[in-house]
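After this come two complexes, each holding chain A, first together with chain B and then together with chain C.
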Partner chain A sequence: MRPGEALSIWRAMAIGAVALILLPFVMQYYTLTVLVIYGMLGLSLGLVWGFGGILCFGQAAFYGLGAYSYAIAAVNIGESSVPFILGIVVPALFALVLGAMMFYGRLSDVYLGVITLVVTLIFFKFMNATAGSAHVIGDARLGGFNGIPGYQTLNVPGSPDDYLYDDRLYIVCAVALLLVYGLVRWLLASPFGRVSVGIRENELRAELLGYDVRARKTLLFAVGGAIAGLAGTLYASWAEIVTPGLFSLGQSAEIIIWCIVGGLGTLAGPIFGAVALGYLKFLLGQQSMVDNSIVLGLILVLVVLLLPRGIVPTIRDLFFRTFGRRRRRSRRPARRQDNAS
Partner chain B sequence: MSQIVVETQGLSMRFGGVTAVDNVDFQLRAGELRCLIGPNGAGKSTFFKCLTGLLRPTEGEVMIRGETTTGFDPHRIARLGVGIKTQVPSVMDGLTVAENVWISAQRVHSAPEARLAVEEMIERFDLGDIAERTVDRLAHGERQRVELATVLAAKPWLVLLDEPAAGMTAEEVERMSAIIRDINRHAALIIVEHDMQFIRAIADRVTVFYQGAVLVDDQVDRVLADRRVRDVYLGKKA
Partner chain C sequence: MDLAAVILVEILYAVASLVLIGAGLAVVFGMMRVINLAHGEFMMMGGYATIVAVNLGINVYVAMIIVAPIVVGLIGLVVERLVIRHLYGRLVDTMLATWGLSLLFIGLVTMIFGNTTTGISTPISGLTIGAYQINGYNFFIIVVAVILLLAVFAVLRWTRVGLVARGTMQRSDIASAIGHNTSRIYMVTFVAGSALAGLAGGILAPLVGLVPSSGGAYIAKAFITVIVGGPSIIAGLMSSAGLLGVVAQIFTFAATPVVGEVALLIAAVILLRLLPQGITGRFLKGRL
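And now, the complex of A and B:
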């Protein structure tokens, strides 16, 4: 870890903690909780895309898989500790297997994007087609379009009757986001993270220096899958129902938009993008004059045209220029032309 | 006589109906500096890529220190202690010079040793003024030096260089010659090169490729005086 990196991580976490403490004064816990969950989901793609250079169109697959794994396990087990762990482990393992197939298969970025998108849509179609009584896992009916309702939501570990909801669920989600953010920052400051950024910049050079690029990308992809799974698990507890919509094309696209608008190559950017656009969607949902997809699309176009690096990097650069500190170039986002090719 | 560290036996590489490398037997001994030369399309770069794992040969064997490495991925070859520099500088553009060198050093050294290796390379290649600049902002010659510093930070015992002097000014070529002679004090080298003046300055022994096969393999002065070599460079049939 570079000198001063630990201090920088603690400082960022402290700022985040202050924001998370103050936000309940201006917003309801119920809305805030889901925004924090979105922030974590944005962070998961921000890691694999912004720092690993892996454009995954299917981050929603891991999110939905986490939510469904939690719900199915919660129906069968009851107490939420094991379901909570399964909600992280199952999508992580799935990402590990999917990533290994893609990276060891030496697929180009285009095919990688297509495969991750197709996998998500397969989940979407499959879950929609599980309405019959034949589709059960243990005591859990998958429920097709209607999803799975009525499972045990998060409880205090070991006390199934002591549910975590409203302000307590918000605290759990906020602490989880802070911890995940800190862990990801630490990961990126570690040799593994720094080499991952090197791989993003030039895979061939990393390979010629003796790094097994495929193994490292697979591992990073699985970490992203685990974080998205955690977000899905928390979402399942917040929503108290999981439906195939979690795997939808719209959900996948939204996560990408959050990252682009917030700013790739930072961790705060995707979190900010997710929270800001999630809140905007919530506000737009309260009116019927304008379709919120049009507004989101318009924001995306405006940001790409006017702030191509995203909102957070632009603000950060402005701040450092004003106060005379040099911009840290190593956090440069993956070049968009690389990912679009 | 010193030990053979790189050997190919009957190495061939075909692309469809085109034979780029044709049944090449090659040997390099410990501490040796060998230049591979030949006109465009002679097969030297393809041969180089077969050695580095960037291409899997159609036929034949590659052995490094007695271990068969045919079909190895580049990272496995690099892990044998082989440093590889490509024709077009292959560097991590968005990272600083120091970060590029550190990524190489940290794979083989402990954290404190890696920091020392970075400092050593930055001093050796005169990169101090640009150590904290991102590589995408550097001139071609500087990028060549950064790549070489990155390769050498892992302390390889065998260095494979593809056209290290390409696109450099006369002054830079002179500096590169000195660097290569310095590298050769600790490592064996195989260098693919076109620049005859550069080759005269660095090489003892030269292997000439022509139409995918080895035409001549001898001391540099004898090779450059060889009529067949002059003919193939002038486009006459050897």
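And now, the complex of A and C:
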């Protein structure tokens, strides 16, 4: 870890904590909780794409898998501790297997995008077709298009009747987001993270220096899958129903839009993008003048054309230029030199 | 015997519809290395153009084969001039921008036509083979797909426009040095790809209940067919549509349509794992 890195991580977490404490004064817990969950989902792709250079079109697969794992396990077990862990472990293992298949096959860019997209579609099609009593895991009916309702939501570990909901669920999600953010920052500051960024910059060079690129990419992909799975688990507890819509193309698209709008190559960017666009979607949902997707689509096109580096890096550069501290600038997000923020 | 004939027709139909769905994307991706994720929405708008034209009293074939490609081609022209031309050479950025466009189109169409299912009836009646009934329209789709492939091949192979276009795609700097306007060639290619998407949308419109989000069902199939096919336009499209269509139909007959769709997707994943550059990245290299 570079000198000053630890301090910078603590400072960023403190700023995040203050924001998470202040936000409930202006928004309801119910809305805010899902925004925080979106933030975590954005973070997962921000890590894999922004720092690993792996453009995953199917981050929704891990999100949905986490939610479904949690729901199925919760129906069967009742108490939420084991389902919670399964909701993280199952998508992580799945990401590990999928990643190994892709990266040991030396697939890259577009082809990677197709495979992750296809896998998400397989889940979507399969889950939609699981109506009827033939599709059962333990006591849980998969329920096809209607999804799985009525499972045990998160409870205080050990006491199944003590549900975590509303403000308490918000606190759980907020703390989880802060912890995950801190851990990811730490991971990126560790040798593993530094090499991952090196691989993103130049895969061949990293390989010639003796690093096992395939194993490292696979591992980073699995970490991203675990975080997305955690987001899915929390979402399942918030929504109290899981449906195949979690695996839809629209969901995957949204995650990518968050990252692009917020700013790739940063961690704060995707979180900010997710929260801001999630809130915008919520506001747009309350009116019926303009269709929701017109606005989202327009934002995506305009950001790609006009702000290709995303909002957070642009603002940060503006900030540092105004206040005189020198920062290395680069035009394209994929070529960024500096580390997380 | 009757069953075999029915299965054969159904397989040919599955392949032909994959060819139709993929053709526009294949031209744009194969020639310009641009992945148009709004392709599905172009097809959806082709379908709507057809339905509107038919409701206005225009002959259904005219609506499908002439009106739909023209309307969508014009939309493609606007899109290319406003968005795509700024992003050539930036593969990921074009994908994201066109994804944004696809959302935008879904929203616009929803606002204009509402979120309801519309459709027209198939213009060709059913056909009886022995004890089985098959959709006569399937034959029309097979014929159109064959003509389409021949036409694209003929234009690229034997006309001056096709020659210039192929040259530009290989070395745009040389083409520009000997006096061709590359920006205009890219524009024409993109419009041609859009028109093909509109044609496909129009022709498939009588078979599906059209909703504004129908494009999503097409884009994945189109994307998979084109990427599995690899760099050559015609050879890639034919080989991958052939392979994936056969796999999907066999599993559809053996089990259910859902299993067939999933089998298609799994086949695509396995193929890409084995041939990361697509089928024509390994075989039939350098063909059209």
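Here is the rule we go by: the second predicted complex is superposed on the first by the 328 of 341 C-alpha atoms of A that agree within 3 Å, B and C clash if a C-alpha of one lies under 4 Å from a C-alpha of the other, contacts with A are read in each partner's own complex, and residues count from 1 in each chain.
Throughout what follows, contacts are C-beta pairs under 8 Å (C-beta built on N, C-alpha and C of every residue); 3 or more make two chains touch, one makes a residue touch a chain.
If you're wondering where the values come from, they're calculated on a predicted model, not measured in any experiment.
Of the two partner chains placed by the overlay, neither chain B nor chain C lies in contact with A:Leu183.
In the superposed pair of complexes, A:Val175 makes contact with neither chain B nor chain C.
By the document's definition of touching, of the two partners only chain B reaches A:Asn202; chain C does not.
Of the two partner chains, chain C is the only one that A:Ile260 touches; chain B does not reach it.
When the shared chain is aligned, no partner comes close enough to touch A:Leu22: not chain B, not chain C. In the superposed model, A:Asn292 makes contact with chain C only, not with chain B.
Once the two complexes are laid over each other on the shared chain, residue contacts for A:Asp212 go to chain B alone; chain C is not touched.
When the two structures are aligned on the shared chain, A:Arg194 is found in touch with chain B, with no touch to chain C.
No residue of chain A lies in contact with both chain B in one complex and chain C in the other.
Residues 52, 73-75, 78-79, 84, 86, 90-96, 99-100, 102-104, 106-108, 134, 147, 150-151, 154 of chain B touch chain A in their complex. Interface of chain C with chain A (complex): residues 35, 83, 86-87, 91-93, 95-97, 99-108, 110-111, 216, 219-220, 223-224, 227, 256, 258, 261-262, 265-266, 268-269, 272-273, 276. Considering their complex, residues 55, 101-102, 105-111, 113-115, 117-119, 121-122, 125-126, 128-129, 249-250, 253, 256-257, 260, 290-301, 304-305, 308 of chain A touch chain C. Every residue of chain A that touches chain B in the complex is listed here, in rising order: 191, 194-195, 197-198, 200-202, 204-213, 329-330, 332, 335.
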